[in-house]
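Mind having a look at this structure? Questions to follow.
Note that the chains are named A, B, C and D in the order they appear, and that numbering of residues resets to 1 at the start of each chain.
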Amino acid sequence: MENERDIGSMLGDLKDPGAYQTPLEISGRDPGLLVDLLRTMMLSRMVEEHLADQRREGTIGGPVHLGIGQEAIAAGVSQFLRSSDRVFGAHRSHYHALALGTDFKALFAEILGKETGLSKGMGGSMHLWDEPRGFYGSVPIVGGTVPLAVGAALAAKLQASDAISVSYLGDGACEEGVVHESLNLARVLDAPTVFVVENNLFSSHMHISLRQPSDSTARFAVAHEIPFEVVDGNDVLAVADAAGRLIEQARSGGGPGFLEAVTYRWLGHVDWRADIDVGVARSESDLKQWRLRDPIARLRAALEAVGQWSLEEDKELERELSESIEAAWSQAMDDPWPSDEALLKHVYSSEGGA
Amino acid sequence: MENERDIGSMLGDLKDPGAYQTPLEISGRDPGLLVDLLRTMMLSRMVEEHLADQRREGTIGGPVHLGIGQEAIAAGVSQFLRSSDRVFGAHRSHYHALALGTDFKALFAEILGKETGLSKGMGGSMHLWDEPRGFYGSVPIVGGTVPLAVGAALAAKLQASDAISVSYLGDGACEEGVVHESLNLARVLDAPTVFVVENNLFSSHMHISLRQPSDSTARFAVAHEIPFEVVDGNDVLAVADAAGRLIEQARSGGGPGFLEAVTYRWLGHVDWRADIDVGVARSESDLKQWRLRDPIARLRAALEAVGQWSLEEDKELERELSESIEAAWSQAMDDPWPSDEALLKHVYSSEGGA
Amino acid sequence: MPHMKEYDYGSAIRAGFDYLLSEYPEVFVMGQGLWSPWYVGNSMTDLDKIYGTDRVIDTPVSELACTGAGVGASLAGMRPVVVHPRIDFMLYALDAIVNQAAKWSHMFGGQAHPGVTVRGIINRGGEQGAQHSQALHSWFAHIPGLRVVMPATVADARDLLIASVLCDDPVVFIDDRWLYDLKGELPAPQELDLRTQGPVVVEEGVDITLVASGYSTQLAREASEVLLEEGISCEVLDLRVIAPLDPAMVIQSVAKTGRLVAIDGGWRTCGLASEILAQVAEHVPPSLLKANCVRVTLPDAPAPTSRALERLYYSSIDDVVAAARSCVGNA
Amino acid sequence: MPHMKEYDYGSAIRAGFDYLLSEYPEVFVMGQGLWSPWYVGNSMTDLDKIYGTDRVIDTPVSELACTGAGVGASLAGMRPVVVHPRIDFMLYALDAIVNQAAKWSHMFGGQAHPGVTVRGIINRGGEQGAQHSQALHSWFAHIPGLRVVMPATVADARDLLIASVLCDDPVVFIDDRWLYDLKGELPAPQELDLRTQGPVVVEEGVDITLVASGYSTQLAREASEVLLEEGISCEVLDLRVIAPLDPAMVIQSVAKTGRLVAIDGGWRTCGLASEILAQVAEHVPPSLLKANCVRVTLPDAPAPTSRALERLYYSSIDDVVAAARSCVGNA
């Protein structure tokens, strides 16, 4: 089997691992906001690195799909979201929730199957819920949440609220028919849904060129006449700018939007290994280059260059995050398991199980 | 409820009922072939008019979805098909089979539920089978046969045959996710499938503008990077030329093609009435104009103008067809019902029921 | 009762929608054919005109996305009803119903309320055949997390619809076109708590228990009249809510009569009638059984189109009568 | 027997594919993960390398189109196998399986041969939860026109796969990741006629009948050993082919032992265990029954993720032993 095929490219150098490695262009941006973004991404990164370690050690019993390397997308998008919005994720969604401010201690507890978890220990890594922060659920059936996001957006319209929905999905998910139906439905109903496609060029072990005739999923936005933007997903500012425009459009009655953010995951499809991806060896050189296109390093370097951030501040932030991650983890480890009754009492939410 | 909305138009005057009413341009065409096409369309028309009458009278017990007005599409496409090809239809498929030369007596018997029918009386109007002529089945689940056509095309490739598949589908079917999956799959596998979208602007009572943001389904061919053509579906020569190119391309290893043929059905979605369409009144003036865009009349007029066809020949053909239709019908009426055992013996084809 | 009109089953469903749409702004309806009254019989006539096309939405031919949108809207506080004019079309929509709606409460520890109602119509007969005739209620009953409702009377057609939509859990509401002309009186609408609704005894009897739901309840009732004339007294149970199933009444009745015929309009293997027999096998002491239990169901074959075979395919009153007779004779 | 090697269940499936692909040019395989051995355990290792990526096709994430393509390819004379690494993903593909494959023979009077094999893997446990753990075999058994195969032994894993693929009818072949390490000997491959395959008695006994299939057969066998030590002699039946179901052996065995425990790895309501009890209620004279029948199944709840609850959720040998004991005690 060949690992890649020659297909038409609309992404150009956006998918070139060696491109876009330089510091971000930040002139004229609010430094406070930039540091916030840096912090969000670092938190995400460190939480997931911790999860990778714990999974390797076997402390975590179930699969974890980590987004290390892709942090800029959720960080950039979430900047424009409100707690009244409705965000839907998928199998790789820890960082989607974290970017909304979800408590990582509750995330840890959930991943460990504890009663104090985001989903009361009933969901684990692949089923996260944080309604107070607008996180309306992530599940691992590929494409499964996409029409739900459209429905939640339709609800917002009927409720005469200016809430919007965000649907995070991958390039692989774009092969599910339901995604195409959902794009059309959102368009026809003018449901304020922003589809965020994290195009990391892979669906588990399969490169996009083995699954689709062209590398950009924005083709589907064109087909459904949905306004779209295609950006470097490792540039948090490019993501934020585009997301800001699409979210504003949706919020103000302009209907759905589509954001394709090109990125790469540093680890394999599932769990902690970087070198293999569900049984198939990855290109070492691609991986090396993409690690140089690190969304965190690029923002950090830019901030350092203009004196808005220093090595000391960085170390300090890292230390602080690391401590709170460790503390949260040991707390989560000590937390109680769900009671036996949980197995049956949550089958129907109307039975007052929550 | 409004009957239509303003949407972007890519079809332009192709969907204008008042356009394209003049005789076809036939200079340089083989007159024998043209008369064959005329004959195919007239047969189709008269068979279906007969069915409309019988349904109105109640002789036919089940629903019939008639393609009167749309005959040019199957006639034009079928010109390039061989009996080794694999043609798949849907709920409105009498004329897809007839254009391949299917025996209309067997069609009648099937619609009446008789053992001598195309499907041995087990299928009725919506489930037709004529493998010897390359008709691999029609069923009423919208979109249901589309991936089957891709699979049959893939089979042809694996069998190293130059057979191709044809998938007839409607503008409404393009809203089913499976159609989008199928387009991608055909493209990725280079399965020689020609998708023929009969865009008659309606899905039962709903105009395309109430269901999609734009009037041309060729958008989906673009998205999936499949070569396409968009033609006046009431011009049998335009259909044939485009179909010929796409079929030749598929047959010679060039992968899938997509033909959008714009047309209009003269009768409502189901059964014999022209004035209402599943409960909703149709535009009388549109209907009147579309009847003037009659694919048969346009070819007939062209042939007459150059002396290749006369009123007498026309009358004679009509008389001949009418007689054989009447004869076939009364024969079918006299044919036997399936035996009681048919109910169980066909559940598994391996049990030798056929 | 001046306001008590005679209704038919179809218009009783419409009355349920009317009640819901007028009383509850969070209710909306979407599905194919909602702007064309023809598709869904008389069960939704003019609702779009009264409540507007924003709340009564006719949709593209996209069963899965539309059903998923219903689930998503319910998570966001609405009470959507997604209508499928035939259950057959719901085969495209099962991810939204089974992987999503049925599981979201459990997976999120009871915090998500996927209170969508999916209305699927059983629309068989009329020479329409295998893809337009299915009755897949047993499938939905197999899936934990769903409530599955099959009204058999005019009042239930309305009041169980109201109860389904007002319930915070996902409900598959299944009505049957063969019941649309059934007549009955309709008192004022009731807001029942779906969680407390279950089987009822619609005829009391002593010799044999007939268990049915939806249209089969009609068969059972009419068969019981014929059987009574022969001196066989039937206890007829209408299940009403087939999931979660409360088997107590079935068990109690069969313990009393010692005989069971389970009638179901779906297929036999792993179907609802199997479940009824299984409950009896599990809970009624064999010593109380006077005969083997019997199922009256569709044969395990797809629906034919030919009228010659349709007659054989669907169960009739005679089939129920014959089953009951053999059961009693067998004693 | 020099060529008789010890195999495990996973590699026996692989041996079946190997046999089919080498002997039958019309066989090809498609599904997600076929170029990545990891997904499907050791059950398909290197087949793509041996037989080429044209015949062992890894696909886009499009369950419905891929399954439909399998159906279409079978109509055109091929013998495709469509692989779904989890049955849960097949919820997207049900139109192709249920509306199409299952019905094409019947709808076309036996002239169409939709001989596709759809392989669905039950892949539960491991804290993966509700959308990655389902065992939906009872659903498929409910649908006329499908053959549903659940191998429980190493030899059946290979030979029933071969039989499924060589059968002209659509087959849902369901294997279970919890069986992949099961060891056993493999004689030379056999071409069985699937139409003649059905339940077998895997242990003879006199006190109670245990009926199971797939992984549950293992539970039943191991429970029977424990029970034997307590002096309870179990007759263990492995159903092997759950649809169309041949109930004769179940009926005969329960008529002999007078007691039944049906064990199934799916949900309870309208499930396979219900069907087994229904067959007994219908066909075993109540006078021969010494106790109420018992089902050992999943509770009617979605699969949890937390290891604390997974332990409760899945049936164990102890559950089977306890059920059998209560049944015998109850005599």
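Convention: a residue touches a chain if its C-beta (ideal position, glycine included) is under 8 Å from a C-beta of that chain, and two chains touch if they have at least 3 such contacts.
On a predicted model such as this, the values are computed, not experimentally measured, just so you know.
Novice: Write down the chain pair with more C-beta contact pairs when B-C is set against A-C.
Specialist: Looking at B-C and A-C side by side, A-C shows more C-beta contacts.
Novice: Let me spell it out: compute each chain's centre from its C-alpha atoms, then which one is farthest from chain C's centre?
Specialist: Result for max centroid distance from chain C is chain A.
Novice: Report the inter-chain centroid distance for chain A and chain D in whole angstrom, where each centroid is the mean of the CA atoms.
Specialist: 37
Novice: Between chain A and chain C, what's the gap in Å when you average each chain's C-alpha atoms?
Specialist: 41
Novice: Based only on mean CA positions, could you tell me how far chain A sits from chain B in angstrom?
Specialist: 45
Novice: Indicate the residues of chain B shared as contacts by at least two other chains.
Specialist: 121-123, 127, 139, 141, 143-144, 175-178, 181, 184, 188, 210-212, 338, 342, 346-347
Novice: Check each residue of chain D and list the ones that touch at least two other chains.
Specialist: Where chain D meets two or more other chains at a single residue, that happens at 59-60, 62, 64-65, 88, 91-92, 95, 99, 106-107, 129-131, 144-145, 299-302, 304-305.
Novice: Going by the contact rule at the top, pick out the chain D residues touching chain C in the complex.
Specialist: Per the touch definition, chain D meets chain C at residues 64, 88, 91-92, 94-95, 98-99, 102-103, 106-107, 129-131, 138-139, 141-145, 243-245, 260, 266-267, 269-275, 277-278, 280-287, 289-295, 299-302, 304-305.
Novice: For a test of understanding, state which residues of chain B touch chain C in their complex under the given definition.
Specialist: Checking each residue of chain B against chain C gives 1, 61-63, 113-114, 121-124, 126-127, 139-144, 172-173, 175-178, 203-206, 210-212, 278-280, 337-338, 340, 342-344, 346-347.
Novice: Would you pull the chain D residues touching chain B in the complex into a rising list?
Specialist: Residues of chain D touching chain B: 28, 54-55, 57, 59-60, 62, 64-78, 80, 95-96, 99-100, 104-115, 144-145, 147, 167-169, 195.
Novice: Help me check something: in the complex, which residues belonging to chain A touch chain C?
Specialist: Per the touch definition, chain A meets chain C at residues 86, 88, 117, 119-123, 127, 129, 131, 136-137, 139, 141, 143-156, 158-159, 163, 165, 177-178, 181-182, 184-185, 188-189, 191, 338, 342, 345-354.
Novice: Of all residues in chain B, which touch chain A in the complex?
Specialist: Touch list, chain B to chain A: 8, 175-181, 184, 187-188, 210-214, 219-220, 222-225.
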